[in-house]
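Read the structure below first, then the notes.
Going in written order, the chains are labelled A, B, C and D, and every chain counts its residues from 1.
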Amino acid sequence: MSWLLALPIVVPFLTAVLAFLTRQSPLGRWISVAGSAVLLFASITLMNTVLRDGVIAGQMGGWAAPFGITLVADLLSAVMVLITAIVAVAVSIYAIADVDEGMERLGYHALFNMLIAGVVGAFITGDLFNLYVWFEVMLIASFGLLVLGGRPEQIDGGVKYVALNLVSTIMFLTGIGLLYGMTGTLNMADLATAVDDADQRLLTIVAVLFMIAFGVKAAVFPLFFWLPASYHTPAFSVSAVFAGLLTKVGVYALLRMFTLVFDHDTAFTHTILLWVAGLTMVVGVLGAAAQSDMRKILSFHIVSQIGYMILGLALLTPLAIVGAVFYLVHHIVVKANLFLIAGVAQRIAGGTELSRIGGLYKSAPLLAVLFVVPAFSLAGFPPLSGFWAKFLLVKAALDVQGWIIAGIALAVGLLTIYSMTKIWAQAFWEPHPDGIEPKLSSLSSRDRAAMLIPIAGLAVLTVIIGVMPEPFVQFAEASAAQLLDPTAYITAVLGEQP
Amino acid sequence: MEFLFAITVGVMVSAAVYLMLSNNLLRFIFGLVLISNAANLTIFVSGRLTDGAPPLIPEGADAPLVDVANALPQALVLTAIVIGFGLFAFAIVLVFRAWTTLNSLTPDDMRLAEPEEAQK
Amino acid sequence: MNSVILRVGTRYLAGILLVFSFYMMLRGHNEPGGGFIGGLTGATGFVLYAIACGTQDARAALRVLPQTIAMWGLGIALLAGLFAALFGDALFTGQWLFIGATESDKGLPLSTVLVFDIGVYLVVFGSILTLVFAMEEEV
Amino acid sequence: MAGGFPTDTRGNGLTGIVPVLFAGAIFAYFVSLMPAIAANEVIRVSIPWIPSLGIELAFLVDGLSLTFSLLISGIGTLVLLYSNTYLAGHPQYARFALFLTAFMLSMLGLVLADDLILLFVFWELTTLTSYMLIGFSHEAEKSRRNALQALFVTGAGGLAFLAGLILLAAASGTTSISGIIAQGNALKEHAMYLPILILLLAGTFTKSAQVPFHFWLPNAMAAPTPVSAFLHSATMVKAGVYVMARMHPAMSGTDVWLWTLTIFGAVTAVFASLLALRQTDLKQALAYTTLMALGTLTLFLGQESGYAMTAFATFLIVHSLYKASLFLVVGCIDLSTGTRETDHLGGLGRLMPVTAVAAALAALSMAGFPPFLGFIGKELKYAGAIAVASEPLFVAGAALLSNALMLAVAGVVAFRPFWQGSVPSGQAPREAPWQMWAGPIILASLGAVFGIYPDLLQVALINPTVISLTGEVGEAKELKLWAGINVPLFLSIATFVLGLLFYKFHVQLRAKLEQGFQAIPNLDHGWDRFLDGLKGFAKWQTLLVQNGKLTSYLFATFLTIAAGILLTLLYTGMPMIAVDLSDVEWKHTSIALLTIAGALLALVTNSRIAGIAALGVVGIGIALIFIVFSAPDVAITQLLVETLVVVLVAVVMLRLPSLPKAEFRLGHAALSIAVGASVSLILIAVVSSPLDLRLTDYFEATSWPEAYGRNIVNVILVDFRALDTFGEIAVVVIAALSAYALLRTTRKGDQK
């Protein structure tokens, strides 16, 4: 059982080591693809086991919780690991076409797999300090990937990204120290009960500290600046994996900590989250409306969409959490895909700045189809995945008479449509300003396959979630039930409590 | 005595924040070093302070014979120091790189990723 | 720095530091020390060497790329953790072999925990040198 | 397009034919359902879709949905046939046919859906597919703008609609539409009735282009003409009308329903008729008559009487037939002559006789002359209007005015180009190929056939539809050409007289209208201003929050931290704090002071060297704290790391410019102090209560017996928490690799 939990962390690390040692040859990229495939296999097995047996926990080093480090997977963790693996497979294939040999020699594949390892570790650990460690693994790997290539705007974006994320990291570390000082434990399941004995006033303050630290990671208002400052600068595979996964780790951490540990004064903490959710949605989507570069638009939309997920957490009803979980999964697939598509647009049309490209609809209809699916899913058009995600959250808000927040969520959806059609109208419909006709056939057949297969795969997934949402909704329901009643989680980690 | 060092932490954090806000990457680095140290010290102080009793088990004994210092925060701080060093090393190289590429150490003047004309 | 004496001196000093660093690592389980402190000490030796004789010489003396050493270290540390799988234990469960153990004495302990600490040593050693060499060469 | 008809009238091969056959088969299928529906049966199929949300893939065929389905698939078939020639050889015809077919299917799904959410799915699909169709000539700026406008306006309504549907489902406890209708008056008495109504109408009014949301519809003319024909006759704009009709049994009968629909409908009908007369472009004129029809249909739905319902059902069919027909005729004229301007057209009747006949038949139906179905529709309209108990004059007046204007427009569109004036020089019009006149002729003839034999329609469609609308059998009124000498007949006569007058003086009227409308704000320009305003606001806001300056970002972040902690403190009240200074020795104080001094020196210095030295002092101070408080491993590590830090800073610093003189900033200082003070305060509060040492106790007890190590800290690192340490060394490796990569790409970059 414990190996089932350990494997999703071990596999990408082993892949990273092997890919680094073979970085001078093309073997490295195939090792990366193979490693991602094994990770996918491991995470499917993990998911199956969690579906069958409920929450599972493994004590690393064989030391009983709460003394050693516990890895634990409930449905949320399992699905996050699974979706991470899916993105990893997609991006590692895409990288064959997107990442040049210079970047490979500098260890792109190693950094990429370490990033995946950090993300998976963050999703699967049941120990707060260990969560910090995985955050750092992820963070430092993202630093490296962000500036790999060394173009000046990457450095500029990198400075802002690094500076603000370091502040968040240090806040998180400080918070862990303080929480340990109050409870004497680091195990998250143990914390869930240990916080009851702590000074509740102090606990609320520390909760806010964690909220801010995770808020930076999740890129919520008013802490998101690093994201639009940097996400449009690195290689496309990198920004795809960032866009899909990194902020979600912050959302995951919020979701985990604010259902498991910090649920003592939800009237206060979750009201703050509600405000944050509303402001994040609005500010993010307006930010997107102001942009004219495909990747910048998409970056601001990440911010806006994070607001939806926080909304689910803030409302804290079963349906709202269902919506948040559904949104989380849907958004990773869709957003990573849109960045991958932007990469293709860059390659064949010569950029991502909307005023300088065009004509993709006419001469690259396949790409147009592949764009329409995630773009209109993001905008919440049925029957694509994003519609159900939004539907669940709006319904959850209306169910608790949250008229204003429901109105905001809907209006933001409209502005999302606006941005997506802006990309569509300018990059796809409008003729190319230089009169060229961008064609997919201008790519080598290897590059074409490497880029389009992952895009098509993710698009198919989006459609499947949209057309057959029932299993996903059921899953999200089960997952929300586990989050709202953490008894099973705590029992799995600590055993039966007296 | 935890009180004393809690105040020390506060002063370090204040100085660090001010330095980080100074719009100069070198001062930012100074602030970063200070605030990392402050965070480590926070963990250490949170685990309570014990003077003169390292958490070692003497030969022949199965457990420490006296009340020794709390070992767990020490291990955490050790990990945090090393991680902090890793982050710092990258940050200083990045600052160096920013200087050689952008020829500036004032981050507010770095407008390549978010150019001003695009926002007008 | 063209002083021959300095160069010869540093060479010896580096050797001593290297030996001392192993000692620091090995004693770590029972007394202050350990892989990290050991690795840092060992790296310091080579840093001095590089400062005195140039990174070219230091790289030559090292024979292997420092980042490769670091990555091997990570691999070794991981394998130390994976070793437990052979015995059906969880990741990073310590596996011990006591050579010549008697009733009163546990003998010479060999363990995956030690292997792990060696991994830590190599990572720290390799990483610091990667960083310092590159900085020396660029700056 | 000005080059006349396509020379190759075979169309687009299989790509052209298959969709026609497909749509035809669907039409045939719905025809086969007619006997059952005529016998007042209701066919319902449902399979579970999302059981956990109670959403089903449920479809229902009754009078209302069958009427719509027949119109959609029938007109769809003819439009596809027409398009195949109209766009023969167009390089993107496959996409066109795909979108048009998808649009048709979405529309069918919409009218057949018996589940609120399923209905919304199709609702949005019609929005999406129509967006693709309106923007079909995508290389023209205008097409893109108008497509976006349609999408945005109907999309905005659609979101309100969604909220309404969610509330409706919550209020009824089911998403099944037939289930909701079966609940009778329950909905009208529900506390949420009014919000639900407003939200639903927001959706239907935008989709059905009621004033003041009407401006997108004439712009949707940017689509190729067959698309306009389809959009305006049976689909898209009728979707809103359909939903109001569908919800009629459950929601009508209240005052707000009555007045909202009546007023919006009447205003739209009159306003649109006036606008229609003003147009000189045939397509635009027709577009505004669509608005008039939609207004009229909405007006009827406001009522409850059997007359109004029968009139609704009849006019729905009448309008679809003549509107599709006329649009297709306009397409023929356009291709044939290269223009759609009334002033540049004339004398086409002899050159395009078949088209002219089709146009005439359709126009007569539109104008409401006997023996056309339009006449019956108009009679029923007046009968329905008079049946309105509350304000018959208002409703009948609005109907009279709009009908008369309609007659005039029918003349302008379908009479004048064919039978007045002569062909202007430079045009060489000829008859359209059969694929293009077949549709108009068939549709226009049906208007005459049903007019002469109204019973055909009565039994098959009108009666079942009225049952759907009222929920009761036997409410439908009889369709007949001659209803005796009664008020509607007089009104009809008045309509003819007034209408002919309007037609005769339409050129003069147009000029007057032109002046009149100058005074009314143009919502189409308003749209541009709205969009500009939105962009401007977005830019302003983004410039405010995302200004590209790291210092602002950091300031905001730290401000959030300080405000977050301090405001929370206000909310919670001060936590318990115990200050115990009894065990402080002078060495503790001096180490603390040393560290503080180092930090302050780093703060104030303008010298790089002093800064590095200050960091060194802080590092040593911290190391001393670790030594004094029994942490030898940490102390050694701290010293080694601190040395490296100082070395790295020093190495890099040599290459960097010296520090600028520090400027004092009060705001920064206040914020810094606030952050520092809050951290201190929390830390003091944390250490004020005793620490639970269970973990440490366990480590002390098991470190040697079970993990064979005497240095507890090291045992924790390599055994108890080995996974942390593994992650930690991974960070070190990655940091080294990343820094290395960063330095190496520098060199590569510099070489360029």
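To be clear about the criterion, a residue touches a chain if its C-beta (ideal position, glycine included) is under 8 Å from a C-beta of that chain, and two chains touch if they have at least 3 such contacts.
Predicted, not measured: the structure shown is a model, and the values here were computed from it.
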Discussion item. Starting from the defined contact criterion, work out which chains touch chain A and chain B both, please.
Written reply: C, D
Practice prompt. Name whichever of A-D and A-C has more C-beta pairs touching across its two chains.
Written response: A-D
Worksheet, complete the sentence: chain A and chain C have mean C-alpha positions lying a whole-number Å distance apart equal to 36
Worksheet item: Any idea how many Å lie between the Cα centroids of chain A and chain D?
Response: 26
Worksheet item: Using the average of all C-alpha atoms in each chain as its centre, how far is it in Å between chain B and chain D?
Response: 49
Worksheet entry | Inter-centroid spacing, chain D versus chain C (mean Cα positions, whole Å) | 62
Discussion item. Touching at least two other chains at once: which residues of chain C meet that condition?
Written reply: 30-32, 36, 67, 71, 74, 78, 81, 91-92, 94, 124, 127, 131, 135, 138-139
Item to complete: Could you list the positions in chain A whose residues touch two or more of the other chains?
Response: 13, 20, 60-61, 107, 110, 129, 133, 136, 140, 143-144, 147, 150, 159-160, 163, 167, 174, 178, 181, 228-229, 290-291
Item to complete: Could you tell me which residues belong to chain B and also touch two or more other chains?
Response: 20, 38, 40, 42, 44-48, 54, 56, 72, 78-79, 82-83, 86-87, 89-90, 93-97, 101, 107, 110-111, 113-114, 119
Worksheet item: Chain contact graph: line, ring, star, complete or other?
Response: complete
Worksheet item: Where on chain D does chain C make contact in their complex?
Response: 632-633, 636-637, 640-641, 644, 647-648, 651-652, 654-655, 707-711, 714-715, 717-719, 722-723, 725-726, 729-730, 732-733, 735-737, 739-740, 743-744, 746-747
Worksheet item: What does chain B use to touch chain D in their complex?
Response: 1-24, 26-27, 29-30, 33-34, 37-38, 40-42, 44-59, 61-64, 68-72, 74-75, 77-79, 81-83, 85-90, 92-97, 99-101, 105, 107-108, 110-111, 113-116, 119-120
Worksheet entry | Interfacial residue positions of chain C with respect to chain B in the complex | 30-32, 36, 124, 127, 131, 135, 138-139
Worksheet item: Along chain A, where are the residues that touch chain C in the complex?
Response: 2-3, 6, 10, 13-14, 16-17, 20-21, 58-62, 107, 110
Response to the item:
In the complex, the residues of chain A that touch chain D are 13, 20, 60-61, 63, 66-69, 102, 106-107, 110-111, 114, 117-118, 121, 129-130, 133-134, 136-137, 140-141, 143-144, 147-151, 159-160, 163-164, 167-168, 171, 174, 178, 181-186, 194, 197-202, 204-206, 208-209, 211-212, 215-216, 221-223, 225-226, 228-229, 268, 283, 286-291, 300, 361-362, 365, 376, 381-383, 387-388, 391, 394-395, 398-399, 406-407, 410-411, 413-414, 417-418, 421, 425, 428-431, 469-470, 473-474, 477
